[in-house]
Structure formats: structure tokens, C-alpha cells
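Shared between the two complexes below is subunit A, which pairs with subunit B and subunit C, respectively.
Coming up: the complex of A and B.
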């Protein structure tokens, strides 16, 4: 790391990449910890949670009123705060990332070039129209509401429980097995990538040019790809060695209770109410 | 009784490049065999041949009196019987642990063998208690330490109650306490009359557990086969196959050299 004249720190590409990969690994582990907390959603059966998310996702795509979509976003926030997810973290990850992404996608559609209509305000030669702004806000809120419910699944359910739920919902074994191995391999390969970059950082005495960095990154991508293929072969051998012959049997250890199914019914009721309100507002 | 017979084995890992050359050997039931050799000598391939994961380019492998071929392993009854009798602990625990938590890892093998859920649960809890890994059962494999992963990967094979245990470099990534624990597991298997075949370049584990020691040369051939005392006494051979090296150092200003090995 080097300090420039303003006292800011410059990190090399290797260090920046290693830090970034390291942060992602920490995030995966933090998600596992969060999912093990004692919160409202953590106590609900994974299948019920998946069904509820599906219900809310369909609802978010059916309703058209920005007010109803905003209410759904707030509902996701409330569920998060009852499930040991900090509202600040929720807002940063859902509104800050999914919201920002949706804004970038929706913004051009709000201009007079794409959506005609009365002008709301002007930014130099670009005019934002009233129907354009309404369409953009609706899209952004829809993305934010859907992402909020989907991420609640990630934060309040351990990966193993998600896979178990998929398996019990009759998702084909091969898909569940592929997802299980994919997540494991992603973490394992992220560790490899982090180590590769740290090893380079430890042997770097001067800053590399962009071209050198680009060449090095391409070579490392090839190496990681080869490693992932080799690992996949080895994992398959390990599965064969323990009797795998095409279908995967697992033991389900947590039966669903009345409370879990009540949550699905409650979610369906809320969704029906939101759709009814939307129809009234948009009539 | 003989568990495995290997006759005239040549194994190519790519055209013209052999990983095993001219192997003729049999392994008796209840034997504890340690295969030693330098890196790249063909030890892992040897174990994979015994487990029917690779098949010889030339020669034949017989397991429990049946020739081990791809066709033989396509047969459901033979596959189930063979996989239930032979367990393989891979060198890299990350490769072996492909399920989403340790419980599922331990349950995977017996479930694939068609055992009922109650029986599988009982086996998992029994093995977990024996290996002292009960607290790890709900953990995802990637959250475990190296020693914990090794314990879970051994447990995942022991729940299948194999008669033959194949282990590839079992002491890799093990801390001293876990290495002692591994020796206890091997002693228990020996007492139960089970067959153990270990591939390693760690000569000290051979001295601790083996009834029989087989040395693979860097040319991928068997160059010694005997008791650990006999083989470990062949200093010149062990130097030649790169399992020990000349180590030079000083004592009180006097410089001298002697053969040296690394291990536990």
C-alpha cells in the first residue's frame, strides 16, 4: 500500500481484489450466522418461507400502484427488523444496490425521448415527463420490494435449509445437488482467488501497468477455471465412491408445524389485500 | 482370504505416460497395508484402481473374487455390495465433503446404499459420537477447520461400515492431536479385522500402523514389499526413491551427514 500526497491510500489491483474476495467470503459466513439467529423468520419452516416469497414476488409483479409497492417494501423492512436483520443493513443492501441498479435501468424511460407526456422538470436538454417518472418509480419500487423479500430468504435461512426445502418441494435431485456443490465450490474457489492475489501482492515491489494487470488476471482466470474443472471431476469421484448412482437421497430433519403453514396463509391474505387495494386505487 | 488381486497392471494417465507400471500384488483380508512413494509415484492412482474409480490400461483388478470393470460396476447389486464394502477417504477433504452440512455428509453413503432413514440416523449419531464430532453436524463443511474436515470425511466413510478402508495421505492437514486420534481409528479397524490401505509419503505412520509396507518408485513400479521393519531398514532404496534424503548439519563444530525423513 502506498500513500499519495493527500494522504489517501493506493491499493494495488492484487490487494484490492484479495480484499474484495475476502469481504465476500466474510459476508457468506455472516449470512450463515444471521440465519442461525433467533428471529421471526428464522423460526419459520424453509418451505413456508419459500412459498411466502413466491406469493409476494408474484404480488409485486401484479400490482401497479406505487403506494402499494412502497407498502410492500416497508413490509419487507418490518419483517427484516423482526428477524435480527438491522434496518440500516437492509436499506443499504436492498435500496442501495437493487434500488440503484433499477434506477439506472429505469431512468432513460422517464425522459421525453422514451415516454411522451407533460413535463415534470427539465435537466438541461433532457425533460422528465410525468408518465415517464411514474413508470420509472413503479419499476424501481417493484424491484426493491421483490429484492427485499428475496434477500430475506438469504439472510434468514441457512443454505442447507434452503436446499432441503427445495428437495422437499420436489425440485429434481440433480438441481439440488448442483446448487449444493456450486455454493461449496464458489466459496472454495473464492479462497483460491484470494490466496492467488495475496501471493502476488507479497511479491510485488512496484505498481504494474494496466496491460500487465489485464494479462495476469486473464491467466489467473484460466487457472481457476482449470482448477474448478479438476475439482468437479474429483468431487464426482468422491460421490461415486460413496455409492452415488444418479439420484440423491437426503434426510429431512425438521417437520413443518401449524405455525409455519399459518405464516403462508397470513402472507397469502396480506397479498390478496394488497392486490385488492391496488385495484381500488388504480381503478 | 484375499480382498484384492492386481495382475499385470499398467495405467496410463495420458497416451504414452504411465502412472503405474507392471504391478502384480494381492491384498489379504484384515491386512493393514501402507503404500509409500514420492509425490507422483502413482499412490493415489493405485487407491483409485482398488476403488473402481479408474480402470487399468492393461491387466486386471479383482475385488472379492470379481473382476473390477466398468460393466461390473454398472450392475446395481454388485455396485451396492462393492461400495458398501470399500470406503475411500480422499486426500483433499474439500473434495470429499460435497453435501451442505456434516450430518448430510455422514448420512450420504448409507442413504445411497438404500438403508432406511432410522438406521441411517442411528449410524450417523453413533459415528459422530465415536469421532467426537456431534457439535459439527449442523455446520457447513466450508466453515470447518482442516482437522475437523478430515474427521468429518473419515466419519462420512465409516457410517457405511466398510470392510476395506482406503486412505490417501490421511495425515495431511492434521494437527498432532488429530493424528493421534487417526491412529486410534486405525487401531480400532485393525482390532475389528478390517482391511486398511493407506497411501502416504509419511514414513512414520507406516511404522506406527502397517503390517505390510509397499514402496512405489518414481518409475511407478513396486520396488519393495515387506514388513515395516524390513522396508524401513532399506536406507539406500528409500534414498533412491526419494522418500528420505541426506541431511547435513553440525554438532559442536563437527560437520556430518545422515539419512533423514519427515513425518509425524
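Coming up: the complex of A and C.
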């Protein structure tokens, strides 16, 4: 914490960055813990789960009725609740983050300045039009439904299982291996960045100027790049020491069962039903 | 610039998702050839760096902070194809590990930030820095290139948002995806990045290039051996030759009206000051139609050649000037 010239206490730039990076590290660890819990989606094969989420994400982009989109948001919440995700966490992340951002984006577009049409109600000189309001509600619900399904992957699939699923879905091994190493590299670099900023905070007595702070941050980015190159060399040497000969192999888990494929078929059926209802409602 | 799911319709995101598949395939093949056996840890490091650079808060002015994307910087350091892979992987990890950015919109995000940005940035850097060993010129070139690249990528994202109301709306006119029309979406994305984020990107790129040159200059030469820019010049020439297509366009670009056109659109008399200032400068070739050329297509092409030659000449001249000043300083 720092005091400015008026004596007010506030967080320094270093502290804010360290906190933000620290929160990201905690998020990664919490997501991995959540994905290891016993729940409905945690018990489904990663490949089936990924396919089902893709089906629902594409469906959310195809339907046009706000009612169907609202039903999809509730479906994502129900799936999360059966998968050890607390409804409060789900609502905070999906509605509080993605939903709020979409609302801020969509609201000005509901006015007569952006979307013409019959006036629904007036707020002083600003009129909310019917097509504008419908467009805003559709966008918000679509973003919320999509974010809900996307977060189901983050919360119910361990990173290693996701890599295994990608490999079994014929994504080239070079990409899967790079994703695996990049994730480890990111977590390691996040720790480095957090420590760099905490060290700066701990030895700072007087607040630096904007120019000094900027110079310091840019030099640290250059340092992180140097450290990354060094780490890559070390990793490559370690790979060679373990017999790396140019080809990669990703270890698979147990094969998908009837239950896993039933889940995909069930998801595809629900998606088809939702699209059919949407077509009837919007006819 | 991260586009979440829900803002782009399937007609847009599916095209960009499919378009990215051959781009990734070419990128993997190019990187395999150029970076050899060390490619996997190097690409992983670049992806990690691309992710982490977005976490640094850069102080800008008056207590405000922003963050850089770093795609041009990575392209300068490792080459544009390696930047395509590393930024794509960073975006995939952001989407799949943190739920930041969309799953269906992954192709669009990769196209904007992992293709448009590193390629515009890298080739503009090459054009401005040339083969010079002059550090000041390299730093200046990196700043200009990264600024133009992020503004170009943001403008492309603005076009992707802006076409949504045109291609998907209900019978009553309610937009189904991103609701803002082209002129608003492009203007918003362009101005936000031209006024703020472009400067953050330029400051970071210039600063890191300068710091690496000072501390460990070998890291600035990690990218694959330079190839001739003749393909870039050939593409540039084709674009110049295609300019007569502009004559086919109807009407005037939004916001570029003449005083008379503005008066008719506003249905009001034009302010006196605007009328007076509009005649302040008499263009040598008004309306891209030289008086001595009767054919409008040939006139448009002539204007394109002269305009492009002037732009290249000014950039080349400034580059030479900066290089000669540095040489004087070193003496």
C-alpha cells in the first residue's frame, strides 16, 4: 500500500499487478481442484464432454429466440449444479462477468440512435425501441448461454484430460505437446511475474513517477523474454536427456464408454429439440 | 480485442474458424523447417510469453494503465509464422483454461491477433528497418510497425462486428449478434486503438527491443534468416493495380463528404467556418482524377501509383535521415 501526496492510501502499480497475477494462479489451482471433484460432468470422458460443449456452443449461436436462449442458460446452470459447481460461483462468473459486460455493450444499441423502430419507452430524450430492446436481450442471453457452456469445460475438465481429448480428436501431437508445455510455462512465468512485482513493492518507499514505472515494467518484460528463452533451452536439453527423438506421444486415459457416448447423443438430441422449438417460436 | 462467444454469427465465425486451419498448417510446417528440432519448447516459450505479456499493466498517463498484445514484438523476435502459432496457443489457453475469449470465436480472435497483427507488424518493420544495423532506426520501426499492426487488427475486428447487423437480424430489424452498424463498430475499434492501445503497444515493443539490444542483442536475431521482400512488394504492386476497382463503388465513403454533399445530408446550411476552411487547400489532384487524364480508371491508377510512391519515398527518406543522424552521433 502507498500514500499519495494528499495522504490517501491506495494500491501501487506493483501491488495491483501482483494481486491480479496471484488471482490468476489461484484460479488455475481452484479450477484443477474443481475438475478433480466427483460430479456428473467430471465422470464423463473428456472427448465426449468437449464434443457436447461444442454442440451446445454452436446451438447457442444458431437459435434466435430469447426464450430458447434463456432455457439454454438454465441448462448450463443445471449441468454445473450436478457437477459440484456452486450456483453462486456460476452466477458470479457467468452473469456477473460475461453478462454484465454484454449488458454494457448492448444497452446503447437499444436506443433510437443505433436501432430504429417503434418506441417501447422513453427516458428523457432517449427512446428505447422495440427492435433495439429485443436485440439487446437476445445478445445478453446468447453471451450468457455461450459463456456458461464454455466455463463448464474450464471447471469440469483437468488440463491433462483436455490435452488427451484433443489428441484423440486427431489434433496434431505437436500442437497438443506445445499446449501442454505452454501451460506449464505460463504458470511458471506467472509465479515469476508475481514475485518480481512483490519484490518491487517490498522495497519501494516512495511512489515512482509514471515514466519510471513504465521503464521498470518494460525492462521486466524484456527480462521475462530472456528467462523464457533460457527455460526453453533447458527444457529441450531435458527432453534430449530423456530420449526425445523428434516425435511426441500423448498418454491416453481409458477409452470412452457407452455412458460417455450416450451423453453426446443426449446433448445432440437436446440441441436438435431446442433448434426445432426456436424455428417454431420465430416462424 | 478478445471477442467472446455470442457476438459473431455462425456465418462469420465458421468462415474464420475454417480459414485458420490451413493457416495453422502452413505455420506449423514453416516453423518446423526454420526452427528445427527445438521448435516445440521454443513455440511453447513464445506462447507463454504471448500470454504473460498481456498480464503486465503498463502505466500510460494520469494513472491509467493498459496492456499490450505483443504479437508484433514476437514476430520481430521469432518471425511471423512462429508468432501465429504462439499467439494462437496463448489465445486457446486463455479460452480453455480461463474462459477468457470465445470457443466458437477462437478462429476470429486468432485471425485478428495471430495473423493480421504479426504479419502487418513484421512486414512493416522489415520495410522500415530495412537491412540497417542502426539501432535507433530498428526501435523506431518497431514502434511504428506495432502501432499500425494493432490498429489494423482492431479495424478488422470492427469490420467483423459491424457486418453482423447486415447479415443477421429479425424481420422487425432487431440485430441477432453484435448490434452496432459498420460505421459505428469500425470507428469505435479504430479510434480506441489509435488513441490509446496503439501507443501502449508501441511503447512496449520499442522498450523491449531497446532493452534486449542493450542486454542481450543475440536475442534480436533469433528469427529465421531474412528472406527477400519481393513477395511483399509484388503483393503491394497488385493492390496498386487493383485500385481502379474503386471507381466502381457508388457514393462517397462515410464521413468524407464534400461541403455540398454534407449540406444535402444535413438538410441545413453548412456552417460558415466550415465553408471557409474547406477551400483552404486546393488539392493538386482532386477526387483522384488528374485533369489531363480523361479515362477515370487510368486516372485512379495514376493517382494510386503517385500516392504509393510518395508514401514509400517519405518513409524511406525519414529512415535514411534517422540512420544518418545516428551515424553522426556515433562519430
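Side notes on the structure shown:
The criterion applied here is as follows: the second predicted complex is superposed on the first by the 261 of 283 C-alpha atoms of A that agree within 3 Å, B and C clash if a C-alpha of one lies under 4 Å from a C-alpha of the other, contacts with A are read in each partner's own complex, and residues count from 1 in each chain.
Going forward, a residue touches a chain if its C-beta (ideal position, glycine included) is under 8 Å from a C-beta of that chain, and two chains touch if they have at least 3 such contacts.
Keep in mind that this is a model prediction, so the values were computed, not measured.
In the overlay built on the shared chain, the residue A:242 is in contact with subunit B alone; subunit C does not reach it. In the superposed pair of complexes, A:59 makes contact with neither subunit B nor subunit C. Look at A:181: by the touch rule set out above, it reaches both subunit B and subunit C.
When the shared chain is aligned, subunit B and subunit C each come close enough to touch A:231.
By the document's definition of touching, of the two partners only subunit C reaches A:222; subunit B does not. By the document's definition of touching, both partners, subunit B and subunit C, reach A:159. Once chain A of one complex is fitted onto chain A of the other, the partner contacts of A:132 are limited to subunit C, with no touch recorded for subunit B.
In the superposed model, more residues of subunit A are touched by C than by the other of subunit B and subunit C.
By the touch criterion defined above, A:83 lies against neither subunit B nor subunit C after alignment on the C-alpha atoms of chain A.
Taken together, the two complexes place residues 159, 181, 183, 188, 231, 235, 239 of subunit A in contact with subunit B and also with subunit C. On subunit C, the positions that touch subunit A within their shared complex are 4-10, 13, 24, 28, 32, 37-49, 51-53, 55-63, 65, 77, 85-86, 89-90, 92-93, 95-99, 102-104, 169-170, 172-181, 184, 203-204, 207-208, 211-212, 215-216, 219, 222.
On the side of subunit B, the complex with subunit A involves touching residues 48, 51, 53, 76, 79-80, 83-84, 87-88, 90, 92, 94-101, 103-104, 107-109, 111-113, 117, 120-121, 138, 140-143, 156-157, 160. Interface residues of subunit A, counted against subunit B in their complex, comprise 29, 32, 158-160, 163-164, 180-181, 183-184, 187-188, 231, 234-235, 237-245, 249-251, 253. Within the complex, the subunit A residues that touch subunit C are 13, 16-17, 20-21, 24, 27-28, 31, 53-54, 57-58, 60-62, 64, 93, 98, 101-102, 106, 109-110, 114-117, 130-132, 134-136, 138-139, 142-147, 150-151, 153-154, 159, 162, 172, 174-175, 177-179, 181-183, 185-186, 188-190, 193, 210, 213-215, 217-222, 224-226, 228-229, 231-233, 235-236, 239, 246, 248, 282.
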